[in-house]
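Next come two complexes built around subunit A: one with subunit B, the other with subunit C.
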Partner chain A sequence: MPLDTSSAYPLALLRVDGRRWNDLRRLHAAVRTQAAADGSAYLEMGNTKVMCTVTGPSEENKRRTAASTATGNTGGAGGGAGAGGAEVAVEIVVGGFSSVDRKRRGRGDKRIHELQTTLSKALAAALHTHLYPRSTIALSLHVLSQDGSLLAALLNASTLALVDAGIPMSDLPVACTAGLTSAASAADDPLVDLNAQEEQELPFLTLATLGDTDRVMVLVLETRVQAARLKDMVDLAADACKSVHKSLREVVRRRGEHMVEEGAVEKGASMAMDMDIDV
Partner chain B sequence: MAITILKPLPPANTQNAATAYNSDSDSDGGVDLEGDVSMMATALSSKPSRHVGGKGYDQAIVTPGEIITEDSQWMRGHGTYTTPDPYAIVASVAGTLVKTNKLLSVRPLRARYTPEIGDLVIGRITEVQARRWRVDVGASLLAQLPLSAVNLPGGIQRRRTETDELQIRTFFSEGDLLVAEVQQLHNDGGAVLHTRSLKYGKLRNGLFLAVSGTGGGGGVVRARRQAFTLDAGRAANDKIDVVLGVNGYIWISKHVEGEGAAAESAGPGITRVEESVGLNVYSSQNDAIAPETMREIARVRGVVEALVQHGTRVDEDTVTRGYNEAVEMARGDGDGPDTLYLGGERGKRLVDALKGR
Partner chain C sequence: MATATTQHLLLSPAELAYLHSTLSLTPPIRPDGRLATQFRPLTAETGILPGTYGSARVCFADGTEAIVGVKADVEKTRRTRISPEGQNGRRQRRKRQIGDDVGGGEEEEEEEEEEESAIVGENDWVEMTVEILGHRDDDNSTVFLAAMLSEALLSDGELTKKLWINRRFHWKLYIDIILISPPLSYPLPLLSLTTHLALLSTRLPRLKSEADEDPMFDDDWAASQPIYPSSRASSSSRPPITLLVMAIGENIIFDPSKEELAVADSVLAVSVVEAAVAATTTTTTDDGDVDVDMEDDRKTRRRNLRLLSVRTVDPPSRLTAPGVPNAVNAAAWGQAPPGASAKDPGVETEDVEGVWRPPRGGAKMAVLSAMVQKVLEKGGIADEVLDGLDGVELE
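Let's turn to the complex of A and B:
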């Protein structure tokens, strides 16, 4: 069924899956899903389901540095990955069962390679890699189900797994997508967090920001859009990133509180209490 | 396609999100709308707030990017970084806040092992080079073990010659396990090990187990004694050595008189090493181990795994008490004293019994 955005959307202002223009899909995430890994996470954005495991930072065997892994240091994109910093190696495996039509994707797939490079550069910029010279932080991402916003889901899952691994970073990198309805003048609202059907029909971009600041880490736009509408899309995506950031932070915090309750971690000092005494 | 019905989460509202993190401004009207999230941010920021102490957030978990304080009287420690303008100390890992006088640091919920001088570690040889070995100790970098930092068989004290270099694989080769001490640290955090004591050296007659090291929830903690001998109930001469590496690697083995890491006090001091270092210290051949001993070794392993699974620290006290408790449990359960299973409910009961005392 084709997506009839031109007629249906302006009337009811509802999208194909019943969301409003600024509604995110259900975001469900869990950290420490695999006990054997240094860090692991599972993330669902609607029906896009992604699993991530982190190994390291550890010293990479020279033999193992395969061509399939993208390196974070080569580009030198943004701060973070200096000369002596850790390398961020990202490997993405897309399950053949993950989308509607079963597709066999080899190792040398250009799209997957690009996703790997994008993630690796973005994460290297956010992580404090300079603390781990000569080491490698290896991320392994498995796509279990695809329903749009794949890059965003991959980045969010990586963030959680890296936090679980206890690797220092300046803020949580978070990502979201925003698209444009084809009705250019009727409804001026761009759409947020697109699903696969919308992604196929509409021009869209993926934006990643560093935490809830407005610092852009990734901006991927592969379709044509009117230049005038670009700002709206970026603004909306940045707003959506703030929402995603809130959810991810809550996931991490819940996990931490759970560990404190269990007694696995000692209770922390509270800043606020101390200030009350000072004042 | 199977249909699963998932409980929906409360909808995220993109409109309000922008106001969620403004807690450091005094005239912030948006805080109340946001409930939980901003409450935490406020509780941690330097300004006193009416939200402080609400809804159990005194446990103070901080997440990366969260501002801990904007007060310049504090100094930053591990797990934090500072922003110059406006000055703020920001967390870089998720964990709990630790205050040491005026030093603020964040204790991570979990992290890899960071070597410190004097740590007793267990490692596995990954690489053999001309004059040294490279050892995996679970840290971010491989540790080094120079040829000059091991004892020669027979305890002879002399310079290491080219002949020794050529025979380097007769001491340790790839895949061998060893117990060692961190002697020195490089600037990048890499460790240099030594095994120049009777306590240290190649490991055999036992079982290897990896749990999370220090800085993680549960796992091995630094203690006064990392290596000890357990009395395995039945036969009086049945003893088990346990070495708890600070890096989270654990070795459980059959006790051999006058050998192994637990023989600290029994064996002669480092000064008389030459008289006692046998020629078989670098042997990779296991001794004959009785099935009863093997079973008790497996039981200790079950105890350690149960302790880790239920987030309890692993040290001499918990392992010893846990082992005795496990023996009692096996006897009392009616499945016979040979029952080793300590997973699931049984593991939980074991840990509860330990915590109850």
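Let's turn to the complex of A and C:
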């Protein structure tokens, strides 16, 4: 019998981890965590911990694209190629130690492949790939710890790493999850940012929007849900995306300030000023 | 095999020749300005993943980074063909016969000894996987790396001994290594150091049950016990480290970067372990003269290094194309002096200054033993690295 997670503390209306229905978990992120990559980021959403590195835009890797289309098991999923735009190749490595019970996922794992495809398509839509024809933007994501909302965490981490790599995009793609309590009464609110326990028991969806607009980039729903409640869930997830967007922007802004303090971008800043004067 | 894990370097024969000649000077001049025995600076932290039994992250200054997580599981010990009970019974019977002759006191002692020797682990209690970005996990080089790392770890049998719970159960240790960055240089030392730290930070729950009962553990994580106790005084061993050493001519160079590997004459992966203190006393008594020196040394530094394994790594330099002087280069026939073109182009020339020639043949025995000696010497590189790793705070 499934546990009704929403009623762990029925009077206080708290969830199992003590949050209220619209509380996000602690979101901690760091940009530029690795010196060797063109762009890198580390993101924690509660206990879900993800690391992302970006290589590129670099010259198109013929061997790799040929292999991935031919056999489909090299692990990379490409999107956005064609029409002269850059290809966004996403590779996800799930650490064997990331879940509670050690479980090793091979490269050919269907779920990982699906995540890769979803991410690369979404990112290719948000990035200005047309500026880099015949090139590849390779993202590699490492899952260090899993506690629900994996797709959302992966997308948010990729966003930060792509910002760090300086690849132009129309806005920050951000993602969050929303779930529905199993209580039948319509008065119940849906929940945001589910953890692993809630994900196992409740129907949930992952929604990604472009910045704090209402433009939906990704909507993944793998469980059954009452059609009448879907709208509530999407609305709530979109609201949650806005607050995720706010904190990611804050991370990027702090990184920018840090770079100015270090003097790393002084030259670039003055160039921008020159350009302003010229215009 | 080394080439698969190092990215292909696009160095011209002239560049390779230059690298080779600077590295064979005395003292060698390295591209990054390090001394021959200098390790790259690194940052390390442990206990980064609360969901694991032990974890560590190490970043080298060149940006390569690895994360290791250790997970453990209780597993039923597979019965061997000769059941331990049967064997024990037989031995005890034999002992009783001896005991009748000698006396009861000694018999008990011997039985205790047998209890100790019964704790023998099996190598498949430890499973090690390596994930390298852009390489399949069943790739030759990845499997080779994992094999080299686990070989060093299992060779002294100390680790598997610690995994023994009772006659029916044991811990199964899963060591998952992830190389986060692209493999810029041969990642063996990085992965080995990270594994070393992760194992040092690994803790297993305290056993509450006794003898051969089904194991029961203390819920309290604060009461858990590290598999490698930190106190130096106890006679427990430490996890091994594997270092990369290369030779160019007579020069021995530690922790080579990828550019240096591209011109190496021979490359060795040397695994050393810090032997237990108890072992120190036995080894020092071998030679009277050495004994005195060692005594003095031990006052300042009580580290006794033991060689576990040495493996030659096929250096990528063997696969680089040789530089060919214009005189015998078919592609440059227009530039060759007219006199030289008359020569047979198939004839090999002697070493020409500034022309790259990949090393041929095996390494000299003297050089190989010098490389191993240099790793093990007091205050050498292994000492330096272990000192650095000792400084890392465990959780």
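Remarks
The criterion applied here is as follows: the second predicted complex is superposed on the first by the 239 of 279 C-alpha atoms of A that agree within 3 Å, B and C clash if a C-alpha of one lies under 4 Å from a C-alpha of the other, contacts with A are read in each partner's own complex, and residues count from 1 in each chain.
One rule holds in what follows: a residue touches a chain if its C-beta (ideal position, glycine included) is under 8 Å from a C-beta of that chain, and two chains touch if they have at least 3 such contacts.
Keep in mind it's a predicted model, so treat the numbers as computed, not measured.
Once subunit A is used to superpose the two complexes, subunit B occupies space that clashes with subunit C.
Residue contacts after overlaying the shared chain place A:M51 against subunit C, while subunit B stays out of touching range.
In the superposition on chain A, no contact is made by A:V218 with either subunit B or subunit C.
After overlaying the two complexes on the shared chain, residue contacts for A:A152 are found with neither subunit B nor subunit C. Applying the stated contact rule after C-alpha superposition, one finds that A:H142 touches subunit C and leaves subunit B untouched. By the touch criterion stated above, A:R253 is placed in contact with subunit B alone, subunit C being left untouched.
In the overlay built on the shared chain, the residue A:A29 is in contact with neither subunit B nor subunit C. More residues of subunit A are in touch with B than with the other of subunit B and subunit C.
Residue contacts after overlaying the shared chain place A:L202 against neither subunit B nor subunit C.
When the two complexes are overlaid on their common chain A, residue A:E91 makes contact with subunit C while staying clear of subunit B. Touched by subunit B in one complex and by subunit C in the other is not one residue of subunit A. Put simply, subunit A touches subunit B in their complex at residues 22-24, 26-28, 32, 38-39, 56-59, 61, 86, 128, 132-135, 163-172, 192, 210-212, 236, 239-240, 242-244, 246-247, 249-250, 252-253, 255-257, 259-276, 279.
Chain contact summary for the complex, subunit B toward subunit A: residues 6, 8-9, 11-15, 17-18, 20-21, 36-37, 40, 42-49, 52-53, 56, 58-66, 68-69, 71, 79, 81, 90, 92-99, 107-112, 126, 139-142, 188-189, 215-218, 310-312.
Within the complex formed with subunit A, the residues of subunit C that make contact are 48-52, 55, 59, 61-65, 67, 69-71, 73, 129, 131, 133-134, 136-137, 174, 176, 178, 180-182, 184.
Residue ranges of subunit A in contact with subunit C, taken from their complex: 34-37, 47, 49, 51, 53, 55, 74-75, 91, 93, 95-100, 102, 104, 106-107, 140, 142, 144-145.
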